[in-house]
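These are the structures in question, set out in turn.
Across the two complexes that follow, chain A remains constant while its partner is chain B and subsequently chain C.
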Partner chain A sequence: MSTDLPEPEVKAHYDVVIIGAGAGGISVANTLAEYGVNVVMFDESSRPGGQIYRNLETNASKLTRLLGRDYAAGKKILTTFRNFIDKGLIEYYPKAKVWYLNSDNEIGVSKSGLSYKIRAKKVVIATGCQERPMPISGWHLPGVMSLGAGQILLKSASILPKSTVLAGAGPLLWLLAYQYRRAGVKVEAIVDTAMPSPWWSTSIHLLKALVAGEYLFKGLYLMLNARFSDVPIHRSVTHLKAVGNQQFESVSFKCNGEHYQIRADTLLLHQGVIPGLHIAEAAGCRIQWHGPQQCWVPVVDKWGKSSQNHISIVGDVSGIEGAKSAALSGKTAGLRLARELRKISGVQLGRLSFLSRLSRRRHQAIRPLLNVVFRVPVTYLNPPDEVVVCRCEEVTAGTIRGITKQGCMGPNQAKAFTRCGMGPCQGRMCSSTVEQIMAHELNRSVADIGRYRARPPIKPITLGELASTFSSPES
Partner chain B sequence: MALQALKTDINLNNNVYKPKFNSLVKKSFDTIVIGGGLVGSAVACGIARKGLSVAILDGGDRDYRASRGNFGLVWVQGKGADYAPYAKWSGLASKHYSLFEQGLKEATGINVGLSQNGGFDFCLTEEEWDERLVEMAAVSRHTHGEFKYQMLDYVELKQLMPPISDEVVGASYSPHDGHLNPLYLLRGLQNWTQSLGGVYLPETKAISIRALKRGFDISTSNAVYHSEKVVLCGGLDNQRLTRDLDMFIPIHSVRGQLLVSERVAPFLTHPSLQIRQTDEGSLQIGDSHEVVGLNDGTTLDVMAKMARRAVTIFPHLSSVKLNRAWGALRVMTPDGLPVYHHSEQHPGAFALSCHSGVSLAALHAGFIADWIVGEETHPLISDFSGDRFDVPIN
Partner chain C sequence: MFQLISPSLVDEPVDLIEISINQSQMSVPSAISVAAALLYLENAVFRESPVSQSPRGPYCMMGVCFECLVEIDGERNQRACQIEVYPGMQVVIESTTSSSIGAEEEL
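Now for the complex of A and B:
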């Protein structure tokens, strides 16, 4: 069958394949192109920029101004990236899904309805983060969205909700409140579920964070901005629920012993971001539990090298550090790969990467503070029995608890016994919750419970596309 | 009895014993089954149904588990073309299935979605069709005509199954074949065992087994257990486990890769060896065989090949989304037949190995359990003794 296919434009072999055109991936590509390495970049979107710089190339300057200075700051690396593409130094495929990567370094990428099998000497995973699922009662109702999805609406200049409630925890909550209000969306309330730690445990981290003062200023600015607006803010909220028949109607919660119910068009939920690890796990990269960030992260060294020698992991997928740190980790990893491909010397590597490594450490200094200030309370990780955990297969927390009591020893057995995690989202929306439920039920750590095994396809693909998979004779 | 002594220690509300490390008290049972897959759980369930105390020692969540990678066929056609007892045994299993499934449903409330309305095996070339004909005739001969089948050409098949493409040459059909949800079957068997007082011990890997004058001592990662009888159902680990009891059962792994699609409107009324539609609507595509040691991953080439075959048979599936793919390791003996072995040297030690954990489950919970507890022995069981691999040295 493969003989009927047109000659593919995608080649069978590359020196370096980069997956994801966000801040991290673009920095790797720019660095490698600078030293003459043959690099190919696959990205799902139609334009480069990832989540953080989504549509920055095309958005009108008014919208860009509205989104703030940090958004506009991405212009520089995007311009460099375009220059390298135009010079033919970077082969860039937008709307290309890398749907497969295994531990034998086979890469499956699908583009315009056809799938290709390729190989590379080095693979860079720069697929960014995902939002941590926030399983509350009613979170599957139409009208309830993730906060990230709400921000995508804004960045892609789509129709915005008329009135909204923002609920959850994390810096993004305050940023979007600011952006939405500037865009003219009525924010009915900010419902903050974070549980503040005692001041003395925060203050140690606060001192450390002073070296990255700009984050503190930005955070303070956003919070004060919300504080002095007419938006009601509810803090340390418990019993958060989305209420509605068929469709979201209102949000109910408890705050300082009082019960509240607020009506709105949409509810945007968010409790921080976690690395999107599917692809790294599928490739056999080792992962570990990161207690302070309450999520799994891949095991990487300071150069972004994973436990698989040919795979580097950069940006938020290697641990949540934000866009600036992602760009720096991308540059460091790019230099290291240039060294491995004999384009620069060891001395050059040390010299060229020195500043980015130092600067990245400064950006990392804010993280311990954020981890404490926006720590997700256990009740929103380990929800009550009636809450739907797996939205694809409609499995409740109670079902998972039930089989755990019967001796089910881990998430993979739970998946087999209940279909939890078998749907099209590949467990992205339930794995963190299932791990927490089982850990609490068995009185063990999440690190000990483990995770679902990552299964292909990493991105949706049809049987027809898979059947078309073109592999050139030499591979 | 032994179980009584345990009751204080084991949370018998749900029959899960949460082991503590360094436990010095030796727990004992009438029978210990090592391995909580489909074979071990079915046998344990059968033993528990006899009212005997039984424990399943199971491994961890990430162990090689053929039972979690199963295709879910209750299959007869083509089995035992070269060995008459296997043809008879498979036919018997199919016949006993519905009664067994009813019992499971009544006892646990778990519906495994059994459907036994016949199955197809598609042929894409004339040679395949001719070979299949010979195979089917042999199985029928071995069972003295009890095995019914039909060889269908393209025109006959198209009438029964309109969506097939004209690239299909034909198919074999047998009314004995069926399918079910293998994961619910495993869950059901474990539930049933527990509801009858059997004990399920997860994360309790058997490290070594010692034959005593009377019974066996089994050292595990948690504690030492004692039993009168021990049944080794450890899948690929049986090679290691049987060695401890001086048995010789050669086993190797054969990887199978599987694809599962999103849910689609029901169109496949019968299962086939290549593709089946589950009762909730998704399609399972399978039937690959590779000898790759202990690698249970996937490869692009095999996945693409399976997808190509599926869209060759049913072209309209080309727009259906793939949901998930995985690899699993079949437990294979040198002749591909089951092993039901009772040690002569250590009476009370049994070793069971087979790759048809779903198809034969009804017999494992029935005749095989009877045989282990010492009731009547079905005459076919001796045909599957492990002695056939006992090649004298030199």
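Now for the complex of A and C:
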């Protein structure tokens, strides 16, 4: 396979650089390659596929079947991607992390301990999403992980918890419950934190979602699968806590007025996913608050163009829409770039992108329903005083509340007062909570409160790498 | 706390390789992340938090949380979830709380 061949040397100038090899980025690359545009792609992981198609190229067929049909469906775009790499149209660099991007299209990327500064005419950000942090008491204990982490361990290492509790809400929770059941994992309980949503808004969104009926069908199938397994399901749970001394030991919660305590090796938490915006922000792309999704998203047009004309943003980093939509947004953005690079005409652009845009609209139809059904309960946005919010600097919700009462005006000032958001994760694990606590305390909207400013390097690089940064010879 | 998937669910037996953890030789599956390898070896605690020295282990497995920092081949503070094991790799876990690996040498 071409991963074993020596990789091409990084050059100083490219027409199109794509950051991220998930469903979105790969679709941009495949589309551009189809129209004869050479692209280069950097991805931090060792293998292409991103979150949903993680290790799909290398996983055994039995495991692929176990993970389900949506996982196996990625084979098509991955095969096309490999063909274009072999033909030399796509230059793909795995294990290459992008740590810098500015509004002049200068990109800092580091690979194998060396760092390069390169330039591109067009940049595509396709860096995906992360799970929304779910701050509860004890969530920093070893043994408490995110639900996605449990899935990553299954997809990329074929390892499974010996006993676990799945807690939180969102489609991924029911998907992992299904995958774990098939893999024979002992799930001690599913602790569902979703609260009943108002029937009228659910019904309206349900009607609208009928055009994307396959999602409804799949959701129902996954939930029934869990319902008819022997795993106890606790619904509308409150007062969720992880308990343990040096390590996670048990989870406690309330359900229907009763108190529960369940022992397990691991606790996997999930509260949906949110875009990872550090790169887009560092490059000066405009960001706005998305009320229904309860997160920040970049401002993009229907072609994926950001407020910076030469930067496109596709896939889940442009707003949470799922894998199919990510691929379609990638295709549309790819066609638009092919037009800008004069590989296709305006008429062709309209014709070729029509079906992708239409199909994406259909996939988007499920989102309003998911936003209502899995709306994050306030307690995970604005947690009780004792909960650690910033895990790196160990700042509690109470401290953030305290400084807000004393007149702290926003997340960036909170950084200076408490060091929250100044640790190695650069605020990725606390920004969504800090904004919410301040907004609740001041009775203002999160859009007013604002967010941490992202500063480069947006991924950690060593001083050695920084010192070695060089611009490759022009070629 | 973690174990390999049942052999009946994979096509071929898993290849094992040797890496060194706190100077003890350990067998772990090939082509997995250092963090996955440590969890497979029943090691949940990777380090202590700098502020209160409380035990910490990996949370996200996708490079976001920075809870999985260990020393790899002499380079400190590496995200164990983002680096794959290879034969002969030297991993050092700095936690003193409950790391079971390499504990014998210290006794």
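What we mean here is this: the second predicted complex is superposed on the first by the 462 of 475 C-alpha atoms of A that agree within 3 Å, B and C clash if a C-alpha of one lies under 4 Å from a C-alpha of the other, contacts with A are read in each partner's own complex, and residues count from 1 in each chain.
Simple rule for what comes next: contacts are C-beta pairs under 8 Å (C-beta built on N, C-alpha and C of every residue); 3 or more make two chains touch, one makes a residue touch a chain.
Keep in mind that this is a model prediction, so the values were computed, not measured.
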So, A:375: does it touch chain B (first), chain C (second), both, or neither? neither
First (chain B), second (chain C), both or neither: which does A:413 touch? first
So, does A:423 touch the first partner chain B, the second partner chain C, both, or neither? both
Quick one: is A:324 in contact with chain B, with chain C, with both, or with neither? Answer first, second, both or neither. neither
Can A:405 be said to touch chain B (first), chain C (second), both, or neither? first
Touch test for A:453: chain B only (first), chain C only (second), both, or neither? first
Quick one: classify A:462 as touching chain B (first), chain C (second), both or neither. both
Counting only touches as set out at the top, which of chain B and chain C does A:103 meet: first, second, both, neither? first
Do chain B and chain C touch any of the same residues on chain A, and if so, which? 423-424, 460, 462
Taking the touch rule as given, give the residues of chain B at its contact with chain A in the complex, in rising order. 14-16, 58, 60-62, 68, 183-184, 186-187, 190-191, 194, 200-203, 259-262, 285, 297-301, 303-304, 307-308, 310-311, 317-326
Note which residues of chain A are touching chain B in the complex, please. 1, 100, 102-104, 106, 108, 115, 117, 403, 405-413, 416-417, 419, 422-424, 426, 450, 453, 455-457, 460-464, 466-469, 471
The answer for chain C against chain A in the complex is residues 1-6, 9-12, 14, 29, 31-33, 36-37, 39-40, 44-46, 49, 51-52, 54-67, 69, 75, 77, 79, 81-82, 84, 97-98
Partner chain C, residues of chain A touching it in the complex: 44, 46, 51, 58, 60-63, 66, 130-131, 139-146, 148-149, 152-154, 156-162, 183-184, 246-248, 265-266, 276, 391-394, 423-425, 428-429, 459-460, 462
